[in-house]
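Structure record follows, encoded as structure tokens.
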Amino acid sequence: MQSQKSQLSERIRIQVEDFSVEEETLKIRNSSKRIGGIVTFLGTARDFSKGRDIHKIDFEFYPGMAEKRLAEIREQALKDYDIIEVSIIHRVGEIPIGENIVLIVVGAEHRKDAFKACSWCIDELKRITPIWKKETTPQGEVWVEEHP
Amino acid sequence: MQSQKSQLSERIRIQVEDFSVEEETLKIRNSSKRIGGIVTFLGTARDFSKGRDIHKIDFEFYPGMAEKRLAEIREQALKDYDIIEVSIIHRVGEIPIGENIVLIVVGAEHRKDAFKACSWCIDELKRITPIWKKETTPQGEVWVEEHP
Amino acid sequence: MVKVRFFAVLKKIVGKEEMVLNVEKGTTLEQFLKKLEGELPPLKDLLQEGKILISVNQEVVQKHCLIQNGDEIAFLPPFAGGS
Amino acid sequence: MVKVRFFAVLKKIVGKEEMVLNVEKGTTLEQFLKKLEGELPPLKDLLQEGKILISVNQEVVQKHCLIQNGDEIAFLPPFAGGS
């Protein structure tokens, strides 16, 4: 039970610091020799959104609930798709333009399900995870409402 | 022209040595500040295929033609999908079980097209690129014919 | 006593991040919201817009649910994680 | 003179990787293949199976194409890159 829990906190993380795409990808790759295809989604901080220049992005989250939702997304993906492992990492706090925001890594025997599951996970993350984004533009601060 | 050519040889590579997922992802991320989503496909050497244990994998390719095909795939993807940059790297020679084989990185403003383009690129790579795979199993060597 | 939390733009609109309130036994979420709207007028319009989700103990719930001592009630504006 | 190349499983079946052959002006790929099948009997069955692609100067071509001096003709078994 202890090891299941620590494995989960390895696979599901909300953190201020940046993550290494390499490290996270290899963790999934090395989790099973059956893995033949890994699909990842990396979301990054753009400098431009809906016609506004963006100077700074800040993410706020609901501690506890956000991690719970990510864990539910991971479990549902493992159930619904023919995949072997999933990890989801989201950064919070201030994120400079150009830097990493979110990483989803899906490992599967075959690629089709890895693509489908990864795409589903990021859609679902946006839909149900209590994380909020504030963009600072020359006009001031805006809490973003729509999902791009 | 020179710089276009050297940029292309950066984005399209067939090589014996391993690649860094981190480095290749960041190259695409840093190629444009408009990039908000990066989808990657990493193909790795499984130890098991169609009921056979695999001890070793070797890739052979048609030098010149293979690179040309990968460059065509990249150009077509840039034309057909709303994406910003693509890179395709394939290893050849002997690849130990568990190691990286192929990496496709697609950067886009929005994720939907990045997913579609990345999935299309790997399908197309398998379909038209003159690369061959030899699996060494306890029963001997097999040149693989079917696409998994 | 229940704890009420506001996130993101709601902190700014409501002017606070948290508050602690008494609830009587048998109070539904709907009744609780009515009472809260009295104390925080800006909340009323927001809730009528229908964009705000309400969670009790980190689960999104329906308005006929009962509120209990020790519950944590949170007001969640539209999510925008992931990019 | 044209250069002929065999890849992957074909190297093993045909027993060689490359050969250099003379072609007369006006020879089509089809005529060239007939001649080559005479010299390399295992090739005949393989080509009839229809799984082998043939490229001339690294482009896959139709059988009525003319072969010219200096061309590189390659026999390509089914591809298996990408995983």
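Order of writing sets the labels: A, B, C and D. Residues in every chain begin at 1.
One rule holds in what follows: a residue touches a chain if its C-beta (ideal position, glycine included) is under 8 Å from a C-beta of that chain, and two chains touch if they have at least 3 such contacts.
Treat the numbers as computed from the prediction; the structure is a model and nothing was measured.
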{"item": "Partner chains that chain B and chain D have in common", "value": "A"}
{"item": "Remaining chains grouped by touching, chain A not included", "value": "one piece"}
{"item": "Centre-to-centre distance between chain B and chain A (centres being mean Cα positions), rounded to whole Å", "value": "23"}
{"item": "Inter-chain centre distance, chain B versus chain C - centres from mean C-alpha coordinates, in Å", "value": "49"}
{"item": "Gap in Å, rounded to a whole number, between the CA centres of chain D and chain C", "value": "74"}
{"item": "Per-residue overlap in chain A, given as positions that touch at least 2 other chains", "value": "36-37, 43-44, 111, 122, 148"}
{"item": "Sites on chain C at which at least two other chains make contact", "value": "83"}
{"item": "Touch-based graph of the chains, sorted into line, ring, star, complete or other", "value": "other"}
{"item": "In contact (per the touch rule at the top): chain pairs", "value": "A-B, A-C, A-D, B-C, B-D"}
{"item": "Complex contacts: residues of chain A adjacent to chain B", "value": "20-23, 25-26, 29-30, 33-48, 97-98, 100, 109-111, 114-115, 118-119, 122, 148"}
{"item": "Residue numbers on chain A that touch chain C, as the complex places them", "value": "43-44, 59-62, 64-66, 68, 90, 101-102, 122, 125-134, 143-148"}
{"item": "Touch list for chain C against partner chain A, complex", "value": "5, 7-9, 12, 51, 55, 58, 74, 76-83"}
{"item": "Residue ranges of chain D in contact with chain A within the complex", "value": "83"}
{"item": "Partner chain C, residues of chain B touching it in the complex", "value": "36-37, 111"}
